[in-house]
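Structures given as structure tokens follow.
Each of the next two complexes has chain A plus one other chain: chain B in the first, chain C in the second.
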Partner chain A sequence: MSNFSLRQMTSAGAPLPLSGVAQWTERHFKWILVGPAVLLIVALSIYPLAFSLVVSFINYDFQIPGHAFVGLKNFERVIFDPVARWSLVLTAGLSGVSVAVEFMLGLAVALTMVRSFPGRGLIMSILIVPLFISPVIVGQAWTLLLQRPFGPTNYVLSQLLGYEVTIGWLTESPWLYISLIIADVWQWTPFMFVILLAGLTSIPPNLYEAAELDGVNAWQAFWAITLPHLAPMMLLAITFRLLDAIRMFDTIFIMTGGGPGTQTYTASYYLYTIGFTQFHLSQATAGSWLFLIVTALVVTLLVRRLLRAEVN
Partner chain B sequence: MNDRERRDFQAGLEAEVDAFMRGEPSRRTFIKRFGQMTGMLALSGPMLATMTDWAVAQQKLELADPSSPLGQAQALAMKASTEGPADGSAFRAVEAAKQFAGVTLNHTYEAGLQALDPRNFSGPMWEQLTGIKSNVVELSNPDQYSKAVAEHIAGSGAYDVLDISPAWTPSLADGGVIAPLDDYIAKYMNPADFEDYHPLYKALPTYKGKIWGFFDDGDIFALYYRKDIFEDPKNQEAYQAKFNAKLEAPKTWAEYNQIAQFITDQMAPKVYGAGHFRKAGSPGNQFDFLQQYRANGGKLFDENMKAGIASEAGVKTLESMLASNAASIPGNNELDAVSLWAAFLTGKVAMIYSWPPSGRMAGNYSQSATAINFIPQSQIAGKVGYAVVPGNPEHATGYNKALSADSPNPEAAYLFMQWVCSPPVSLARVMLPYALRDPYRISHFKSDLYAQLFPGAKDYLVNLNNSANVGLLDPIMPGAQDYFLSIDRMCTAVWAGADPKASLETAAKEWDETTDRLGVDSQKAFYTEFLKLPGATADNTVEKLGMAVKI
Partner chain C sequence: MAVRAARRPRRRSIPVARILLLGFFLIFVLFPLYWILNTSIKPSDDYLAVPPVWWPEHPTLVHYEAALFAYRGLDGLVNSIIVSVSATILSALLGTLMAYSLARYNTGGRHLSFWVLSQRFLPPIGIVLPVFLIYRSVGIYDTRFGLIIAYTVFTLPVSVWMMFAYFRQMPKSMEEAALVDGCTRWQAFWRVAVPLAAPGIVAAAVFAFIACWTEFFFALLLTSRTAFTLPTVFRAFIGFQGAQYGEAAALAIVSLVPSIALGVLAQKHLVRGLTLGAVRG
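Moving on, here comes the complex of A and B:
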């Protein structure tokens, strides 16, 4: 710390003379402070985003030399590609069903775990383990369980049901969709559970005590107290999860490889295939922008709803 | 707080406030810390690089027991590199490369087992011989193409030696990503080494009259079958009674399906007749379709470059593949290459056709390396017969070593390529139990040392050579990956119940779109070049061109 005090400066009659560099630093100090962060954001976010926008209007294909301007051609290719349209439908369907199931299960588990009971801590720890596992590992684990002829699932089902089960979990419709949903639900239900449990514990217990005094049964208490108080958290959990679910890629890459045919191409898998299997980078970039627009619309809707719920 | 303490506190606070008002100490602190941070960042780069280098550094030269066939082959490679013959490509490469001692060559390699060769064997041996270090950059198969192109666009000079699929050669050559080797070859190489390549592989790196690399991996499909089941008198008798024919390795796809179904009917669930890697995205579908389709007389493109696959030959091929699936192990359509190997090695299927490591694994040779112990021990060692795939086998990708056009050390990189692909060094490499590089030189197929690797290795080598004599090449032209992807989608859709004819038409439409995108005339020129290669069609195999190698 300097031993040169304001009082001494004032008594000397004039402020300390500053060098040119110091004066420049003095004037631009605020910019110096925020500069590195701005540079980092520009380098890591703005520049790639702007570059990707440029790429989507030119030819950027590892098989066709040159980067000629092609206008909307790349967007056209995606829009008129039946596989792209199907991948969007599948993404909506898979993410919608997965998140719905995860929400129902997560809520049920959260309601069960909100009360204290012996072993609750241990069970909660076990329940959230799937959250920390890489989706690739989850996909591989479920493949090992379901893949014929080595996976034990059909054998176990045969033993339980008393007749031979020969389901192609990874190659036959609708079982392959069910398999993908099961893998996703297994991994992400704990996410719903953790958020909803946090919401449940924040509801004041005196509300339930008052309701009990008024003779309200458990079902009525759920509808009249739990649900309205939990609604913002529910919407938050669903929004977060939905945003993640529409990017579903890893489990599909491992479990089905997008097949059979293109039956399990989600939007992310489609874009990956175009960009990194076929090397049509500009088409993949244009597709990513289209996908971003669709996603942004969904997000805006959900976030508005979320904000409205919080205000209410 | 007493008066004195209060005064002290006030004075301290005043000093603090004054300093803050001037901004001097906080600014100084900021600048000091910012400087420290920048300095640390600057230092962390080299520190991290050093740590990374250490973490992924090539191992010490790993040599086999000198008395073993592999050990002897490695000793011969070393001798050829240090003692000659003086006109040998290995010796000449080493002598010329010594002037580049101290430089580091960056090699791209497929991640995993493939990369163990340069890490454990060829990289350290080259360094010992020349003082040139090797940095192995492990990439997934598609990235071996895309990263090479991306680094070329960036002009980074990140790579010196590229491991590429032969199908990529035209794109990479025309794109300026790889450099021709002709001048270096004239200067350094013994021309006799070219004659040692099997004719199917010899011309693979040649494009537009120039040589763009050295072929380095003989990925020919072959049929591996259970001799004990085929030679079982009970099975022989039953087959003879049912089909009035001898139970032996099939020569046509109809025979293949018939035998597969027969064994399944006789022996399931203990053993099934066949197994195939049919999972979506595993390349088994494209290779199998291409080999059967062309063996059935199918043409890939007509004279106007319209896709030819939606044809009678296409339907016949898919129907045959469906019949194979029906006669196969349950879950056949969910298998990838590794799980198919597991099914075969554990004795669950009687016939598979796949890459050459199948034979080494079946003989329990590969599993002698700890790196490959995820493959089960073979329960069928000594019981496996080798045969040519019915019709014509596919040469399923393979690898070329190519010289990066942006290499800062092109001559050193070339000399490494010449040395590593020379007959004695490449023999030692294709004999490594873990490396997945497969025999491709005539001297490999004739090697007495290789023939001692496991019981039946001699027959295995003869069969690989015979397979190459009638083998078919993957299409070598831009867009190959698009065409392959369409076949894979088509096949897996058909396995899931789609109509074969309609699926062929969808795939043909996708092929035409790919051709249009890349330019019909340009693609036609590439295809015309491809058709000149031995093995491009069933009508111009090495054997039909009169160039077959007899062993």
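Moving on, here comes the complex of A and C:
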């Protein structure tokens, strides 16, 4: 990218007739533009992160007085907490399964929408609606649908299957995991669908025409043309979605409240409980740092691959 | 596959698999929305009827009234509007300033732009605890101002990156002409580039607004009884001891209509919004 500048003009000997302040502004223009945004991010993201690093090494607990330096004790407490380990496993499991289902369903729906047909615009507008709804409301909606005895789900299933279905969707394992995944899939499949559809429509149609002339069948064309062309887009969609899925909190807060017991504690929910309902702030910040490190590893791994795919 | 079969002009067979899949998915998307609407206007007596009441004979608005007034939904709505609009304006403004600098002057090289991007992927739980402590000590816990600042920061990466992509694909010849004509850099930006980028700024603002409007986590932890936003009002319905199904559904309808309307209107920019400008839809 070439640099956007007219320094040549000024250095050519035609100084702009400006006051001192205006000249200073002119000279530092690019930094003045980024200043406010950078300052805000530093104040509300970098400074808090640094502060939390300090907090995680001292005692900052609303139940124990004083702020003594305690070394790695807060980290130890998290690492040796079985609930913490379970929450990490659950976060990986829930987000992995959700994203996988969303990806496959989103790809399938995108494939049905590539070609134009009557009503496509309207269907498109309907399918993207879940993206604009608060996850809290998504959780609420699925609670209304699944909650016994109010929700209609068990009734509909009983009618379809021909026998009485009495599943506690939000209280019984494994159904509560399935419920949480369904809510996530409902909200975020459109994300995959929209991005993959954009990728599919950008594949030049003449590739398919040429393949057809060569007698390649639809299945072979999918593997030979669609998949390789779509790969960068797939990676991007999965990366973005996965990085959001591992934060899963809102639907759990509404649908299960982490329960029964600690069965539906995700990493975010676990840290929230430690910090905001038990007020072990130091332990929570230590846990947040561990979670950040795990996330950062995933990010570097995925984003590296993403950048490499884009370069190719 | 169904798609490929439909491509062939000769064989206009009806792609059954495609219609079935699309049909099922449409029902899957629409049914929860229908059920919220149905629940919100259903008299409480119909709640536990078997078979379920698919559409109430005597629709009622009592749940809306209760949700807005008894459960303080209206206060939440007002807070949501003030906070989301303010944060959106700030985010779009600061995001555009920064994006212009990044796109035209390559400020800070790749590092600065990727640093901003990395903020988008920071798990909120990592910063919300210290922010909570800082807010309490500064005295902006449970204030709209505090939430506005938090939302501005959390939407900035998307605003910056959407506008960064927009400015990069915009020809710079107009601004260069303005500079040659003796405009200051600020004038070239404010009078020439910003009007040209207006559609992009509006799109970025719409996505910032939707993000603020639907946000729950920060609002839950940084506000309490004063500055609470609409999504946090749903806490009142957790557990359903009093079976406030109708109130929950009514509040959901009130909350989802504005963001859906805006989102569908801006759907042309959806791909750019979802991928932070990485993919041009």
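Criterion: the second predicted complex is superposed on the first by the 274 of 312 C-alpha atoms of A that agree within 3 Å, B and C clash if a C-alpha of one lies under 4 Å from a C-alpha of the other, contacts with A are read in each partner's own complex, and residues count from 1 in each chain.
The rule we apply is simple: a contact is a pair of C-beta atoms (placed from the backbone, for glycine too) under 8 Å apart; a residue touches a chain by one contact, two chains touch by 3 or more.
Keep in mind it's a predicted model, so treat the numbers as computed, not measured.
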Chain B versus chain C as contact partner of A:F240, first or second or both or neither: second
First, second, both or neither for A:P260, with chain B first and chain C second: first
First, second, both or neither for A:N206, with chain B first and chain C second: neither
Touched partner set for A:S116, first chain B, second chain C, both or neither: neither
Chain C versus chain B, contacts on chain A by residue: C
Partner chain in contact with A:F62 - chain B first, chain C second, else both or neither: first
Partner chain in contact with A:F279 - chain B first, chain C second, else both or neither: first
Touching partner for A:F150 - first (chain B), second (chain C), both, neither: both
First, second, both or neither for A:E26, with chain B first and chain C second: both
First (chain B), second (chain C), both or neither touched by A:T171: first
Contact residues of chain A, present in both the chain B and the chain C interface: 1, 3-6, 9, 16, 25-26, 29, 33, 147, 149-150, 257, 276
Footprint of chain A on chain B - complex, ascending: 14-19, 21-25, 27, 30, 142-143, 145-146, 149-150, 171, 174-175, 279-282, 329-331, 333-334, 339, 342-343, 348, 478-479, 481-482, 485, 488-490, 492-493, 495-496, 498, 503, 517-518
Chain C partner contacts - residues on chain A that touch it in the complex: 1, 3-6, 9, 16, 18, 22, 25-26, 29-31, 33-34, 36-38, 40-41, 43-45, 47-49, 51-52, 55, 60, 105, 108-109, 111-115, 123-138, 140-145, 147, 149-150, 152, 155, 186, 189-191, 194-195, 198-199, 208, 212, 218-219, 221-222, 233, 236, 240, 243, 246-247, 249-250, 253-254, 257, 267-268, 271-272, 275-276, 281, 284-285, 288-289, 291-292, 295, 299
Residue numbers on chain C that touch chain A, as the complex places them: 1-8, 15, 18, 21-22, 25-26, 28-33, 35-36, 39, 47-48, 50-52, 94-95, 97-98, 100-102, 104-108, 112, 116, 118-119, 121-127, 129-134, 149-150, 152-153, 156, 160, 168, 172, 175-176, 179-180, 182, 184-186, 189, 210, 213-217, 220-221, 230-232, 234, 237-240, 243, 245, 248-249, 252, 255-256, 259-260, 262-264, 267, 270-271, 274-275, 278-279, 281
Residues of chain A that touch chain B when the two form their complex: 1-7, 9, 16, 25-26, 29, 33, 62-65, 147-150, 166, 168, 170-173, 256-263, 273, 276-279
